[in-house]
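By letter and in written order, the chains are A, B, C, D and E; residue numbering begins at 1 in each of them.
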Amino acid sequence: MLEVYIWFYAGCTLVIVGSLATVIGPGVKDPLVRTLNTEIPAVGLSLIFLTYNHTIALLTFIAATSIITLILLRTIVRLEEMGAEL
Amino acid sequence: MILVPDVVSPVVVAIYAPAVFVGIIVALIGLFGISIEKNDLQVLILTDIVGVAMLIIVAAVGTDLAESLVLPGLVVELAEILAICEILMSREMRKTGKSVSLIPTPLNFDMEVLQTSPVFIAVILVIYGAFLSGFTGGAIAGGGILFYVMSLTVRGLPSDLWEGIAGASGIAWCLWLTGFLVLFVFPNYWLLGLMLAAFGVFIKVAFKAGLIGVMNREEFRKE
Amino acid sequence: MVVSILGSQIIGIIPLGDIVFYMTSFNLFMFAAALVFTFIIAISKTETQIEAEFGSLGDREIKVAKKEFKFRRFLAIICGLATAGAMVTGDLFDFTLFVCLIGIVNIGIVGAVKQVDVLDSAFQYGLIAMIASTPLFVGASLILAATGTISILAINSLTYTTPMMLFGSILLFLGVAGETGVAPFFATKAEMFRTPGSPFLLIIHLSSLLIIVRVIEILLIINKPF
Amino acid sequence: MNLMLNILLNVFIAFFIGSILIGLQRKIMARIQGRPGPPVIQHLLHTLKFFIKESAFPKTAAMPFYVAITAMLFVIWVAAVIDGPVTEGSLLLIFAIYTIQKIGEHNAGSSSGSPYGKMSCVRAVYSAAAEVPLFAVLIIIYLKAGTMNISSIINYQSIHGPLLFTIPLAAIMFFVLILSKSQYSPFAITKGKDIVSGYETEHFGLLRGYLMISESIAWYMLLWVFLTVFLGPLSLPAYLIGMVVLSAIVAFINAVTPILNPNHSVMMQVSFAFIGIAGSIVLLMI
Amino acid sequence: MKSIGRFWNSLANPDRIPRFYALVLGIVLIAGFLIPIGLNDHQLYPRPEPQLQINAQDPLAPYDRGGVTFEQRGIVKAQYPQYLPAIGEITAYLSPIAMGVDHTTLYYGTSIYSSPGGLIDEILYYTRGFDTVLESSILMMAFVIASFIALNFTMRRED
């Protein structure tokens, strides 16, 4: 039974640390760094899904996150190329 | 062994409150970030964090229902980010008056492996996805198509592929609707309805994911 | 079995599995209104805006291009249907999904224009819609956790209100407020209305107002003062 | 009585009394401001006049829509009369009708293609915020009376006394709503004279006639709802007196206040709502 | 009075609205720490304790809800069983290939039970099918919007 709690709290810690890292972490002025940082809470969330045995949700989440990251990266690079000042 | 218990297991009940608190904390961190951030693009990235908070709280109910509710949440997030990114780019393009290629860096990675492996990986993923069918299957097969299309950036692609894919996914959507109607109008043919629904969603999701890839390549050198 | 909701009797239900649509005279009226407006929009042309030209005495016409017109009409019809659905749905989660659909279609209706200002407010509105999907789903899931059901009819027959349900419904309301852009978050929405294409803009306004009225009904069902 | 006849009679009464009250209001305003003012039946005559005038349609209008919206406005207010004085049905429904009326107002403006109409349309979106007090009122009434049915609310009041005294803040909020609907009031940003006639600018002939009829019925219905919901069972003369008194108060306020800037007008109403909600909840607790 | 006016005016600027909304939402969420949060354990569609089925070496873990294909229905606790004539059938259904894999490996359920038939599919397609219709419509609309904008505005076409 212990392992359920271990995975759960590990996931929680990762999510919180990861979101802190995304919001106020070092180098987040660069949107690229920030986007990559969002992957840390994503891993934490995956662990939480695992504790609840939400296997299918987990698989879909992984697929969706990778697509979201792809979209964001494309946006960032294109905006950079345009020289947009936001 | 108990297949389906009467009540939710005590473990899930015990970790419900911590899970909700974690969700709220994460949401607060994300919202704090949004409210102090000036840059529009950065805010867009930060909304991702708020979405994670939502998924935690929904998943924490810990029933099969919760799991099936997580899926729409994910999809909504994906859909909105997709549409908003495009609007942001459209806005900036009008502001600066510059147009840039959709994959901006000159894709010069003319590596041998990109010429040969993608087809293989894509085929494997699509077949595995077809085997799974339904949502997960669609996502996996879509990843395969995506991979294939991305690799084609360096090789060029027939230009009318887009319209074809878009049309097919529309048809798949109708297929899925038909399946849904069969399930309710003729419950006896539930197997037929199930298959229609599962494969309709499969084709739809797969092609949608593939579309992202096509969007990424649009004006490549058509050699 | 006679079930009454907020004092008015249920006229009929449409069961789609676990998701049950119910109708009282109130729901039916709003459902019909949404459909009628959608129909009128589907058969209308757009108006032409006339603006004075700067530096001369001439006028300038602003029209909606054919391609853009078709695209926006399609989205407007979808939005109208989604609004009609949200009026009669008897399932909390289904309702939130309808609201999300309306939100994203609204962004699309104004996202296809060319004015930078309008695009900017469409983007800001989109940001709010994205943030708002969190309180929306969280609210629904808190109510699910507290009551064990998300069917509005089942919640209607409960006799108690816990603080958690109240919290969930406040979040639900905030989510809907963000997703539809009511006061005090109206500014993004009002700016979007400066673009031509009034029949399509109507549906944005219609959907948000009807959704707000409906969410009030749902909140009153969930929270019983007695 | 025959239901059909009942409906027709009530719609006619609503139209007649509503337009007389609007005329009365303009007269009082004029007198306060030291002008002779139009005769009391001016608004009624005005409405009737438009039905025998030629109808013209602007070339720029969004066609079936531009005509349909006026008909819709008329139809929904007839529906309000059916739900209100005729059957005493759901209060929620009347509020739904009120919100749809907002949409009609908004789009009557934008569908004509006129810049004034457009301005009025954008302001109508702003003033959608006026619904916040509306819903607050609704919730407070429900919390107090425990029902959404007008006839049950009347019953409740005949037992417990008028709601005006038990939830005064809700009544004030509702009054602000009525104020925002009346012409020339500080909150009437959609019809301010700075944008000519607001959403009605480009409606001529028959269409304008319909718009004005629905305006009169709307005014009557708002006063009717206020009197019914807050003062309980009233006799016919009492209704009449109440409506005249309310119109006079509104006219007095309108005569002495300037119109606010759109954004301030909206935020003012929202602030009223927040104060009202908080105050009412505190009052309910005590 | 002037400062209130200035504050109201600042709320009319679209750029500030998302930040303002985030702030309001944050304040409301803080209330979540103050109220008692607890899970009502009488839920719809309950599932066994986490890891229970996996530890019991069930090949269909964690999605085994009983039932035999075409013969016996699986156990599904829906809200309105009276409206669902074929409830449990989809949960019990395994495709022929799936049955083959079922007998060879212990970890089948974690990988492939999402095939047509299976618990989530019962919920997604049958009991709460309308949710999925909406969900896929949302996705479709997003793609329609994104591809319209991309095709007409943001894409640089070389032809």
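Some points to look at:
The rule is simple: a residue touches a chain if its C-beta (ideal position, glycine included) is under 8 Å from a C-beta of that chain, and two chains touch if they have at least 3 such contacts.
Everything numeric in this text was worked out from a predicted model, so none of it was measured.
Separation of subunit B from subunit C in touch steps, taking the shortest path, is 1.
Under the contact definition stated at the top, the chains bordering both subunit A and subunit D are E.
By C-beta pair count, the most extensively touching chains are B-E.
Relative to the centroid of all protein Cα atoms, the closest per-chain Cα centroid is that of C.
Averaging Cα coordinates per chain places subunit A and subunit C 30 Å apart. The mean-CA centres of subunit B and subunit E are about 13 angstrom from one another, to the nearest whole unit. Mean C-alpha positions place subunit B and subunit D at a centre distance of 47 Å. Annotation: 44 Å between the Cα-based centres of subunit D and subunit E.
For subunit C, residues that reach two or more other chains under the stated contact definition are 16-17, 93, 97, 100, 104, 107-108, 111, 120, 127, 131, 134, 144-145, 184.
For subunit B, residues touching at least two other chains, in rising order: 11-12, 16, 20, 27, 31-32, 34, 40, 43-44, 60-62, 65-67, 69, 71-72, 75-83, 85-90, 93-95, 100-102, 135-136, 183-184.
Contact with two or more other chains is made by residues 4, 51-52, 56, 59 of subunit A. All chain pairs that touch, listed by label, are A-B, A-E, B-C, B-E, C-D, C-E, D-E. Listed in rising order, the residues of subunit B touching subunit C in the complex are 16, 20, 23, 27, 31, 34, 40, 43-44, 47, 50-51, 53-54, 57-58, 60-61, 65-66, 69, 72-73, 76-77, 79-81, 83-84, 86-88, 90-91, 94-95, 183-184. By the touch rule above, subunit E contacts subunit B in their complex via residues 18-20, 22-23, 25-26, 29-30, 32-33, 37-39, 41-50, 52-53, 56, 58, 64-66, 75-77, 84-86, 89-90, 93, 97, 112, 114-117, 119-121, 123-126, 128-143, 145-147, 149-151, 153-159. Every residue of subunit E that touches subunit C in the complex is listed here, in rising order: 11-15, 17-18, 20-22, 24-25, 28-29, 31-32, 35-44, 78-80, 83-84, 126-131, 134-135, 137-138, 141-142, 144-145, 148-149, 152.
Across the interface of their complex, subunit B is touched by residues 1, 4-5, 8-9, 12, 15-16, 19-20, 22-24, 28, 31, 34-35, 38, 41-42, 45, 48-49, 51-52, 54, 56-57, 59-61, 63-64, 66-68, 70-72, 74-84, 86 of subunit A. Taken together, the subunit C residues at the contact with subunit B in this complex read 16-17, 93, 97, 100, 103-104, 107-108, 111, 114, 116, 119-120, 122-123, 126-127, 129-131, 133-134, 137-138, 140-142, 144-145, 150.
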